[in-house]
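See below for the structure under consideration.
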């Protein structure tokens, strides 16, 4: 019953862009499977010698087994859980911070706005992986470094989007009128501005999650993400690449999962953008 | 004319300000790194030795003084010396920067030449759902595959079935020209793949955006040929989003090609940085990050200037 | 006079995500050579759809469900490719509402003129055309980008571009809406004078009743996708016949006396056009009777006008006969 | 009688352009206006005339470069916004952007009430419902979102929100221009009706002279930041005295355009002298160099050399230029000759 409106909105969304609709369902399934993996009838991801070493994929062993005979499917699901959770937590933190900073930049006077914009320009000047490397160098490899890196990489674009959208909304008549009737800054921002910038923010957050997964897996691939025995999708790819010529499934299993997750998130982001802001383009050939 | 010059001067000044901020950011970050220079060079050395090292690198001076000294040294081209090898870092850059630039240029040309026409074609044919849909799916798919996954696939395919390309080894140009080409193709192709996805998607979206504008309808209403409309109105007006994409992609290539250089053992800037980090060779990290970040700031500045040249409405401060 | 344009029972809809939205319903109209037709109506009544279908410019979502358009004896809706382009280039021309959006922002006015005239003498011709619309300062206008001109100057440049190829029909969709009131008349004067000089017919679409009534030979009133009245301008401004046209004129401020109250028309125009039988205006009409909702009222001749109202005789008494 | 809003010699300058070449634009130049209780003053001008700036000045949204503005006898600059709340309200141009799209209508209307007086939810809702009914909206409208309403309904909601705290002064900035003609008349009539019952003072800004004269007691005509003419509404039902006002009257079809239409000239006005000089159909050489003096009579003030000259010789009823044109019959939307000479 609670799902009724959700399904209703999803139908509209799916009708507008079937690809994005499918992607959202796929992503839902991936998240559920990854989160519920411990409840599924699978070998534990850390059970060594559960199967012969480096077995090829088969009907029982969909992604094969690794060099220690662990079930790759269990490991991929565990890795996916880490990757998805880490980027979700980081992007959540980045969104909260980004919305707050962006709103302050848009609402405050010129000086503070200039400082915030300049600062996000500076942070934005560091390519994502480079920023990740710097962070891991400072705080040491691990989950915390991955989260910090994702936050620093995704924060500047969120701040920019929030600032631009909030500037536009603060210029509207209803904000002027609310100001005129004596509303406090908090009331102005929370009641009149925030609800009306949600569309660009949600779209940007969707993209940020895909960037987050990308950054996390890249760091793990370099061995700077979560440390063994924990293994995210990137770490699995790193381990697998050693055996790439003899057991390519060690790479392909996590790679397929990772690519589908990132792709779905990107499609959802694009779908949201087009859904809320459809353009009617003309056709040149008639 | 003078308006354009002033606009460019304004952009350059603004970039310089950002550069100063970037250098401070790096300086502070490096000083936050765990383990001091003394710990790296003489972990259990006697106190005098540690003192000597501190004096040599000026570590006893207040931070602002150190910062100014570092910056003025950088300004004269002195990037410091490696802690481990004691070689001037500038000398290592002389061999490594050209490698990264070569890859960046190759990848940019390939991906732009493939991605932009495909995106243009798919955007213009947006009503023919099959063509357009395939291009859209392909673009977003390629864009979503991380570079190290592409690299792994290439590694697997090209080492398993020896297809004549060198895998995981870099052959410098002056040693063996043909061998160089063979070793350059895979890293360049990996980097291009990312760019192709990016260019297809942004070009397609930009074209669809421009086609919804009234001036396109006005051009149609004047009976202009579709070819002329594309050449005269569409290309110019999609240039700005393309410049944005190009600048993001170049920034990725200059600084973010780290993983591709790592996977294919390419002796470029990215690998240099990773090695420096693993060895805790902080002067190398500091210099590499500075050079990369400066390059990115300059790329963004060039993009800002290009926006103004393309769209006269943006020629303001 | 020979007919230039002939529109016959035209029905047009737009495709949306899940259904068709009607924009024009069984619209018929003829336009003589050199005639100036004004079309008034409120937003959503279909007047912009009507203007764009004449150039076959409906866009990908537009669907012609029924009807014909003939221009100079040729079937416009069957045009395609080169034939369509040469019709648009040589026979008709458009002036749209907002000059800033219809000019390419990245090209100077001179460059945009140059795309229209291939001849080497383009500059001379452009200067002449600009002079025609009162833009004598071509040294400033030609090298300017659209955003460097005022709205009035940009719209006059657009008019010059539209008329430079001497079209046989000019379609002006809200040509004065983006202009200041004090230059509206001057711009319309220039536009109509130039059209008269080259013998071009004109369709002016506007919600600005003073503009329409000043410059048109004939006036068509649209409501909910149809013409409800088409009348010679002289007759129309003195006494419109259709209840909607009467109410529209009465609610326009400007003609009321010093202490009079404006006759306001209750309700608002229908948000979407319904194909249900009956007069679309019936629910706002003070003359409504039961038969009004029975069938579509056809456009019938009433003096020199054509009016779509079954109660015409009762409303205007013997004047209708 | 005290004035609600009194503006004296107000000037506003804007700096624009890039930082290396600032351009100074005079948005308002030496403007004085009084708005008395229960009076609606119209402000007519075209884009760039400074009318929106003047509106923002009245609401305290724009600071003056020089001059003073007083609200009920106190300079606005010295008033705390907290003290003013509930006394000032505004109905602004675009009905689409004047209501918060994420709030239900009743919520939007109640917002000033909640801030101003701390009423209970039910009490506030009761007042809101009463007010919505008063502006002619059905009771169910309060529970809807703005995007479910038509343009006219949205503007009624805006008016309800402005009236809910029973303010002394309301600004209407192009409040009817985005509406369809038939709906515009409804809103204009509603405005007149509400004004006579609620008794607020108002500034009605519009580019449409015909609509303005219909609802206003007095009308101020602005051109390029300066006042051209200020007169009672009666004057606008005849031929006004200032050439610019008459040009606007002609453009709205209120009077015959022959000899009154403004000229088309894209050059800027002279640096000293009358801003209208290049566009004025009756300009004299003197207009280029000398600022016209103020000529005030019972009918209001006019800033024009011609009127002031005529007034000096025959200080009669002060309508010296158009005496021959005034006799013409008032036919609605008179037609003019289609083709220009030459």
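In this document, chain identifiers A, B, C and D correspond to the written order of the chains, with residue numbering beginning at 1 in each.
We take it that a contact is a pair of C-beta atoms (placed from the backbone, for glycine too) under 8 Å apart; a residue touches a chain by one contact, two chains touch by 3 or more.
Here the structure is a predicted model, which is why all the values come from computation and not from measurement.
Listed by label, the chains that touch chain A and also chain C are B, D.
Farthest from chain D, judged by the mean position of CA atoms in each chain, is B.
Chain geometry summary: the mean Cα position of chain B and that of chain D are 55 Å apart. Rounded to whole angstrom units, the spacing between the C-alpha centres of chain B and chain C is 53.
Rounded to whole angstrom units, the spacing between the C-alpha centres of chain C and chain D is 30.
Of all residues in chain C, those touching 2 or more other chains are 59-60, 84, listed in ascending order.
Counting partners per residue, chain A has 280-283 as the residues that reach two or more other chains. Shared interface positions of chain B, i.e. residues touching 2 or more other chains, are given as 127, 217, 220.
Chain B meets chain C in the complex at residues 127, 213-215, 217-225, 228, 232-233, 236-237, 310-313. Every residue of chain A that touches chain B in the complex is listed here, in rising order: 19, 118-119, 121-123, 125-130, 133-134, 136-138, 140, 210, 214, 217-218, 221-222, 234, 237, 240-241, 244-245, 248, 251, 255, 258-259, 262-263, 266-267, 270, 279-285. In the complex of the two chains, the chain A residues touching chain D come out as 172-174, 176-178, 180-183, 187, 191-192, 195-196. Contact residues on chain C toward chain B in their complex (touch as defined above): 55, 57, 59-60, 84-90, 92-94, 96, 98, 101-107, 115-116, 145, 147-148, 161. For chain C in complex with chain D, the touching residues are 36, 42-43, 134-135, 137, 150-153, 180-187, 189-190, 192-193, 196, 207, 209-210, 213-215, 233-234, 237, 247-249, 251-258, 261-266, 268-269, 271.
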